[in-house]
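Heads up, the next two complexes both have chain A, just with different partners, chain B and then chain C.
Entry: the complex of A and B
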């Protein structure tokens, strides 16, 4: 098993250099993240730059109802149909905390090795925006539910993306808060339409310390967080549906000097765009500073069509949110086995130890188990967990076949996954299921067909016509010839036909 | 402001009542002629000046309109009055964030109990379009201080 190389932790070993003309030509910034420690060719002889990236991730809690009201949580629904009087901020309504949201936050905190605050407080964060009917958002600023955690993630580096490097990012805190509604702009007619279905949905905000140094690290960290949340079930974390939103804080400085001014990049809705947005912003800041300019502490939006960040016109100057304690919510008290009160209703108690015992295996644990159980390489187990459903398919195939798992993994990743990627399908949509693949591999293992013949059979199976591998083999006469005399005859015929070469 | 006036009234009452009753024949014995404590001299509260930048900042944040200099004076007096809180010694005492601090935060089960009242909600809105609320164009920030016509203009 290849020993994973422990990454730099806080300080990223790679240094950034400005690529002349990179931004203007619209080309992608150099993939400096590929080789930690190696520095790209110096362009202008200026001292190297170090970039610092911190992330704020908002994950929508997977629950039936919203965090402070009883209206339903659902992605698509007729506008303003999942809105209660509290969500619309009508006078006389009060927030009532949803137990499931507390449990989800505690699970996430425990999975990220945070210390859970047994007493946490709710606050109001005030700002005016049309999709925030109350004029404030209920959040946890003073004393959040979980603090001081850690997230380990893996990066594929090296020439062939085969070396795995483990990196850490510290988690500053996890807090519970409300989501805002959705605003739809019709700029042509200067109209804004508000849909409050999303207003009041529970969010977990995971604040990461600025321990990352490039877009690739940021994307890898978020991917690992996404896998953890999906494994726990606390959030479905589908970025495309807005269940996982990432804001990146980016700044650059020279090694040895203090951190530079940071900008916040918003409107990133996929992992790939996250990496591109962060890399673009780093390059932009380097260019700006090398040209003698300064970086404003502002909020920028990522334009995915142009591949660049632009200043957001709504956010001017520093926002003063006028935090105040939420007067309608007393402190949230959590218990553990020791502090459990005797005469309290079960429904009113959230027991941290009870939740800890029931935590499922996290992705990192599953990866180690796959390597130990099946003898596959770490990068293979990384791929198995990276694709939704692939691990289950692999284990099913191994169970049904006599072939060595180390060979099975080659077929699953190179052949099956390769085909899925080619046709842009998910594992669930695969026309070849685990049983068919297992049958095929059994034929190969028994020597009935050759490896190249097996690939042909897979192509046929891919058409999804419902035939079994054996049927295809018989139809196409792909069996290996076992008869020795027949083989001799064929070889003789070939040699006779090519006397000149001999 | 009313509190300051009130204090003055009290002081006046004290001296008025005391001297009157001291002169009068009946009630005189019920008043202690040698009180052990003294009413402390009211220290004049420190003046609070509000800068133009702060006023501009407040108007942007809270979308209030101070309207004229009297409004600003009222703000300054209000700050002065609230500053009396600093006279209380709170060393070593935990701040109280809510009078509900001894109550348990009630946890609700994750059930769907509300919603589906689109018509009722839209009734309150002045502008709607196909079940959406129509919002006025925003956020349009207030123009810069120099460009604003109505900042503290309305003085009468």
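Entry: the complex of A and C
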């Protein structure tokens, strides 16, 4: 996984200004947002622009079975092998709500400081699409399971990305819904193949208020959400596998004026693309408006090859989803310690308090603890959490060495993580585990080897030949020489061998 | 034997007076003899005989599964049946063979019942005549009864009768005709606005619509999910109670079924209605009600009064809004429920291949009849963002008021309501089709749909013959989940009413003669 945010607008400003050059019809969009504000408003005589970004994030719930049927959930399975009669919308089949999906949504809602609705409702959202077998999606439009939450996220700013700025985005709601199937288009043969394995997988749609103003903020917010979901285990949230998909609502306006017409950039599946898509869309809208054009309320897609957003043809025209209550699912009632009826079967109810008590430490809490406990820099705490397994490795190493954690963190981040990045490996795949790193750092700490020798040993360990650091030190004779006579002899020998220079 | 009630034939099976196979064969040949009724879409002869054979083995081993073991039953063709075509009388599902059984079908089979066939209906159960399905209209067995023939002064033979035969009512007309013509001992219907009770009344059989949430809808191809209930058609009230005992109860596959355990009951044989309060809703006394039916209704009220029951006039003030409100909610859910029929996963698919959208459009145009398409169109209109408040929300509010009307009446001390089931006796087909499906449904569901709007249990009980010699049914509406009380009252009433048995011998003899003729011709 990448650092919190990569790509796009590093120098995010509150106000966007007109760019020097016009857009070259998307030819060089990658440059967008790198240096916004080249032309100051005062100089150009144009009022500054303010961008408003809201997000809808679809997170696939990590559960054994789908939200309304008993079919298994699995990312890699032969097409149409995980399809129940309900998933294929056979007439007469009915939805049965999966308790695990409800718990995942409650957990996520609590982690995002939402109020959990003790009663929520399901609705049908109608549209015809080949990968939506019933002709409607069951979702929670009127009364979602969780509302009014908050997500804090941190941006790294400044020349060396060393300054941390904490921001907030309000969570409007979290709603439970079904995922659709997948359509695979073969344009050459004008055929569409439908895979219903994904149809009916549980989703949490997290709706974020338009509290962000650039791609970097959007990406940082989603990254934090992703970490939270992964910590909770409510979603694996792997974007590359489509478990976390982002729709971005973008508009621009002049400060003091009402919000502009917004566009929706749909189905963004990486953080890098999210930042780029949002920044591109902001810039496109500014230029469109400055050239006297208007913004259409439309759905666009991000073309990662071209680096620009393009209108989606099959989403043209306004859809009326003809929402209607889902008559086959009674209201979803949740309980807390106070409202829990006596003598009720625990398996029949979801208890909010019970889930609250069992929430794991969230990433923000873990970061604070790391900074306080080990005295490391806040940005290092971010790096530790951003890499799956890195925090655990760091803490293991600290436990096994006498070295100051402040020094350990340098080895873990610059050396170990640096290596991993270079070879595109995850922490789990690392040939150097916490034990051997701890051994190595102990040798360094006890003065057995020098810092540069330690780096040499690490290079050797990297080959994964199963040798211990001590073995390598011995083989390569990398120990610091403690014996005065031996040192004298070496010095003598060097001097004798270099008479000329002397 | 075939005219017996389920309970009697069940006893006969247990005592070995008849074997399940023999019973099944007799029903099958009667189905053939009454083929002109068009009650069945699919006759499952082979599987029925196999099931009968299994049942016979169980009886021989002394391991009968209960009252339904070996009993031939029919199921309306909108219940999903494994391996048996389930059409909803629509081109859309012609040839569709479901891979699973509806819960109610499975429960019948688990009790050893013999599934003898799938019965005819209005397309997707949308109608009140059983006249609007792709397999043609169902003919009311009473069209060929001695009682009707005598009154009409028509003793002519079957072939000249195309102008006088009567509709069964609907939409479960096939099931009602099947039970009434003795080709099975019980049948499943579905009841969304009266679809079980209406044909029961016209065909002179008992039609029970249980409380919403008591019987699983899993596998019932929906019309209106919030009102649909599997219905039970039998020849007497006791039988309805027996079948209900098998079908009722929580189903994990239907989240709208109640969790409380259901205890099957047998109705008492000695019944005292003296302590009961029977409500007569004054709003059901409407201009369209035939004078005959009105007379039967008030005579019934007198019966209760004479037996010591308190009979009082009650008011259900929102009754007049009910049918309009029903149509809005029905159309909206129909529009939604029918969205799945796009030709992709199952059912009819048009050859149109210009685009996915044009394929959808052609598939749905070819697959659905005008009635279904009309309801889809209006339903989608009601659900549009700009109309939702004005129609759907308003109709839901009115629905609540209608349900509250019943709550108020029952909480005032009324035990059971007594109303007509239909405005009049069955009309001839040629009369019936002079009005369109919508108009007919509005007239015919007038007394029945309120029970669906409020989820209450209701039963139509055959009461008397009209001047034409046709059945008139009355409806009892009970408190939610009080089927025991409702059916107990109905059983008492059934005993007093002494409704005559359908005399079909003439028709059967005729059919017999015809088949003999054929045999002699071919040999």
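Odds and ends about this structure:
We adopt the following convention: the second predicted complex is superposed on the first by the 445 of 502 C-alpha atoms of A that agree within 3 Å, B and C clash if a C-alpha of one lies under 4 Å from a C-alpha of the other, contacts with A are read in each partner's own complex, and residues count from 1 in each chain.
Heads up, the rule we're going with is that a residue touches a chain if its C-beta (ideal position, glycine included) is under 8 Å from a C-beta of that chain, and two chains touch if they have at least 3 such contacts.
Here the structure is a predicted model, which is why all the values come from computation and not from measurement.
Using the contact criterion defined above for the overlaid structures, shared-chain residue A:245 touches neither chain B nor chain C, since it reaches no partner. In the superposition on chain A, contact is made by A:332 with chain B only, not with chain C. A simple residue count on chain A separates chain B from chain C, and the partner touching more is B. By the document's definition of touching, of the two partners only chain C reaches A:91; chain B does not.
When the two structures are aligned on the shared chain, A:322 is found in touch with chain B and with chain C.
With both structures placed on the common chain, the touch criterion links A:72 to chain B but leaves chain C unconnected.
When the two complexes are overlaid on their common chain A, residue A:194 makes contact with chain B and with chain C alike.
Contacts of A:124 after superposition on the shared chain: chain C is touched, whereas chain B is not. Under the contact criterion defined above, the residues of chain A that touch both chain B in one complex and chain C in the other are 85, 88, 90, 96-97, 126, 128, 130, 192, 194, 320, 322, 327, 329-330. Those residues of chain B lying in contact with chain A across their complex are 57, 61-63, 97-98, 100-101, 103-118, 121-122, 124, 129-139, 141. Residues of chain A touching chain B in their complex: 63-65, 69-72, 78-86, 88, 90, 96-102, 121, 126, 128-130, 183-184, 190-196, 314, 316, 320, 322, 325-327, 329-333, 344, 347-348, 350. Chain contact summary for the complex, chain C toward chain A: residues 79-80, 86, 88, 93, 96, 98-100, 102, 217-222, 224-226, 252-256, 332-333, 335-336, 338-342, 344-346, 356-357, 360, 380, 383-385, 388, 392.
Residues 85, 88-97, 124, 126, 128, 130, 133-136, 192, 194, 320, 322-324, 327-330 of chain A are the ones that touch chain C when the two sit in their complex.
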